[in-house]
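Common to both upcoming complexes is chain A, partnered first by chain B, then by chain C.
Take a look at the complex of A and B:
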């Protein structure tokens, strides 16, 4: 009981304080410990745990196959894949170099498996992300409320600003986009469709004439350039939002670490 | 007695930190790392504030905790899974225990496992890192034991999948599509696989609660999940769920440190504005820079 509970807590607290002290105490030994020794200890423990992970995987899936549990067929694929890579990694070489360096030799069977089986499978999963991004964007961009509308507008401007065609969009199109957005926001307030149409049309004409008079077609103001708008969205509102979250995260990390190294948060040890 | 306590508190929360800061600046026999004073002061102020509010909470002071929908929904999600006769899936992210996010995730897992034990539902925890699997097993075992239901604990349901990011995503997606869990928790460190997982969970109709410290993945979770613990909420979750006064005190302390940060940001903005108007010429950003020289 002492080893499982008290000793674990003592180790957790002392390691926490040592790691923190390593940042502020000017001692080479301490820094060596926090920068090199402690991560190495973690790696050694993680290596043992990796062995446990492999055993767990084999045990779980072989039991599933032997007992014909639900969906046991999928476990055959896992087991075959696992054993095949062990075979090519430890037993069969296929190249002229010795076992060990053969893992990085392009003529070895292991390398072939890595290049022609593992990488395409991994890339396939990664490529699926594009479709998931599309479906997630559709859900996020659906106009339900004011926030979703803002998201849609900034999303469209960002997409246009990041592609070459964005720079080719003329200034008068951007003006029409602005006016359209403005009228879209107030559309529900204007009941008479005729009034709405005339005011929308009139506003567009008025601002376009104003633009010509102010010489916007010669000296393009930055708010009419889609790539510049995109840059501004990324540099100002997006950065402000992400920094607020980052500050919150940093504070949360400090508070959580404080709770752990003072031994108040012990549930990680199952206490 | 009360007077002694006030003196004790004064020494602990004011005199001691001030002495430490003075010592750091004097730096006798080059004991401290120079150039790291800002970090030292920031961490010291934060820790003293946390400790102060923890003490206050311990002494019986009640603190108001803003209700966080994601945390309130956790029990609801487990209850829904029980009613539907489906399992609860907990995804602890793809990083090891050297990441604070994973540690927070495993801590939350302990609380979720406790709820699952209470409701007699099924819990499934596929892990990406073996060392996380071992910690998760220990955490769940204790949670079941604490709720008086060690008989419900199933060791084989907390298992290792693979270390590879996308293979893990494929494995967990497979589990979701086959088992159709009623509730899915994503609590830990996530990278590009976050959307792959969350969209699949959404497609099987599960109630999804996410929490991560990876700021770049938060938008994906917000889009696909029903509830998300954003930023510091994720780290406060375990303290919030435990309900113990000392833990809640630390969250209150965290809020005060946040207030201090806001005041400092306001001060920097003000000084920058004055600099812009040529009223002052103060390089305020140099105060917040870290310049370790030895």
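Take a look at the complex of A and C:
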């Protein structure tokens, strides 16, 4: 109990304070510890953590199979795949080079398994995202309110702007998109449908004629080019959002680190 | 008509899956069926210009942090960048921060050698280093003392015996750092722990979903542009292909007899274009159906 709780808390607090002190106290020994020793320790512990992870995976899935828990059949695949890769990684070589370097030798059994089994399977799993995104966007990207409309418009512009087909969309299509968005926002305010549709078509025709007179079909203004709109979305609103999230995360990290080095946060001990 | 539009909203998702599969498969099987012009993004241009400004003999550190799942997206940009670097006779140092990355790095180098474009010698023109566990700690280690982290290359040769390693002690000894990543550790860790504190120019090539996280670093100048996912890879491939084609008979670093081939990302762009367009059509149809069903209710 003492080793699992009190000693662990003492180690956690003292290491936290030492690492923090290395950034503020001008001592060579302390700097040596934070810059050299602590990172080395971290790398050694991380290597052992990988080993522990393997044992944990074996334990978890073996128990699931033995006790016939829900979906235990999938665990058999996990265990077989795991043991097979261990066999080819540690016991069976298949190439002329020694064990160890054989992991990157294209004639070894391990490399064959990686290249022709794991790599296609892994890529397939990632590629499945395309199907789910397509299906989800069809059902979820709906003009429900102002925020959802903004998300939809920026999503569509980004999707088109990032691929070559976006550059092929003519300027007059972009004008129709702008006018449609504008009228979609004010649609609920105009009760008479006839007035609404006449003004919608009138606005489109007026701006298209204006575009021709201003020579937009020759010199394309940046607000009518979908790839340039996409670049602007990424450079301005997306950057602002990302920066806000980053600042939030940084403040959260400071608060959480303070809780850990003062011994208040004990979730890492399994509490 | 109205009923048909309302029914569109409740369409079986298997039908959408089949259409997406066809939209991806047909352009992949017949890449010349749809030839779309590639428009180069601002950030890709910045990456290309930053690499172009490097001089012969400069040293570039490449960080590989991706694996099998993201190989189709990130690997083509690694190949294109290696071609660009070797064409300028730049020394390349590759470190791996993901367990699978050494295999990716080996495959990238093998693909470059197989093109027969360059006369490369390992340990002189490039060096490969194996995976080290620890993520950002490895980056921090490289920033402070490269030789503390890596004692030997991936073949087991001591660093002291490699000609290419002369004068390399920390990240400050490199002229440029390029990160290929698909998660953590990635470009954010390189900015925070190595390149920004040591003032070494850094650029990155990553998956599309990572770009939003990297954008603040690009806007602040901490990242010199970015190759954003498959489109970024295709744009960079095109720029490098055009450059090598111009230089094939003039550049002494290139073998004149070698056959130049276009990269894989370029061929994949038509598949991505068609699938994106199809998704937009789905979204529009979904909204039309939503409008009529809401009106009915």
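Operating definition for what follows: the second predicted complex is superposed on the first by the 208 of 271 C-alpha atoms of A that agree within 3 Å, B and C clash if a C-alpha of one lies under 4 Å from a C-alpha of the other, contacts with A are read in each partner's own complex, and residues count from 1 in each chain.
The rule is simple: a residue touches a chain if its C-beta (ideal position, glycine included) is under 8 Å from a C-beta of that chain, and two chains touch if they have at least 3 such contacts.
Quick caveat, the model's predicted, so the values are computed rather than measured.
With both complexes overlaid on chain A, does A:242 touch chain B (first), chain C (second), both or neither?
After superposition on chain A, A:242 lies in contact with both partners, chain B and chain C.
Pick one for A:25: touches chain B only (first), chain C only (second), both, or neither.
Touch status of A:25: first partner only.
Look at A:195 in the shared chain and tell me whether it touches chain B only, chain C only, both, or neither; answer first, second, both or neither.
Touch partners of A:195: none, neither chain B nor chain C.
Where does A:251 make contact in the superposed view: on chain B (first), on chain C (second), on both, or on neither?
first
Counting only touches as set out at the top, which of chain B and chain C does A:101 meet: first, second, both, neither?
In the superposed model, A:101 contacts chain C only, not chain B.
After superposition on the shared chain, which partner residues are touched by A:114: those of chain B (first), chain C (second), both, or neither?
Once the two structures are laid over each other on A, A:114 reaches chain C alone.
First (chain B), second (chain C), both or neither: which does A:46 touch?
Both partners, chain B and chain C.
With both complexes superposed on chain A, which partner does A:126 reach: first (chain B), second (chain C), both or neither?
So A:126 meets both chain B and chain C here.
When the two structures are overlaid on chain A, which partner does A:139 contact: first (chain B), second (chain C), both, or neither?
both
What residues on chain A does chain C touch that chain B touches too?
Overlap of chain B and chain C footprints on chain A: residues 39, 42, 46, 50, 121-122, 125-126, 133, 135, 137, 139, 242, 246.
Could you list, by residue number, the parts of chain B that touch chain A in their complex?
These residues of chain B touch chain A: 24, 30-34, 36, 39-40, 43, 46-47, 50-51, 54, 96-98, 100, 103-104, 106-107, 110-111, 127, 129-131, 133-135, 138-139, 141-143, 156, 159-164, 166-167, 169-170, 174, 178, 192, 195-196, 198-199, 213, 215, 218, 220, 222-224, 230-236, 238-239, 242, 246-247, 250-251, 253-254, 257-258, 261, 294.
Using the touch definition from the top, list the residues of chain C that touch chain A in their complex.
The touching residues are 11, 13, 16-17, 20-21, 24, 36-39, 41-42, 67-72, 100, 102-103, 106, 110, 132-135, 137-138, 140-141, 144-145, 148, 154-156, 208, 211-213, 215-216, 219, 228-229, 231, 269-270, 272-280, 282-283, 285-287, 290-291.
In their shared complex, at which residues does chain A touch chain C?
Residues 35-36, 39-40, 42-43, 46-47, 50, 101, 103-104, 106, 111, 114-115, 118-119, 121-123, 125-127, 130-131, 133-135, 137-139, 141-143, 152, 155-156, 159-160, 162-168, 227, 231, 234-235, 238-239, 241-243, 246.
Spell out the part of chain A that touches chain B in their complex, as residue ranges.
Going by the criterion above, the answer is residues 20, 23-26, 39, 42, 45-46, 49-54, 56-57, 60, 63, 71, 74, 121-122, 125-126, 128-129, 132-133, 135-137, 139-140, 242, 244-249, 251-260, 262, 264-265, 267-271.
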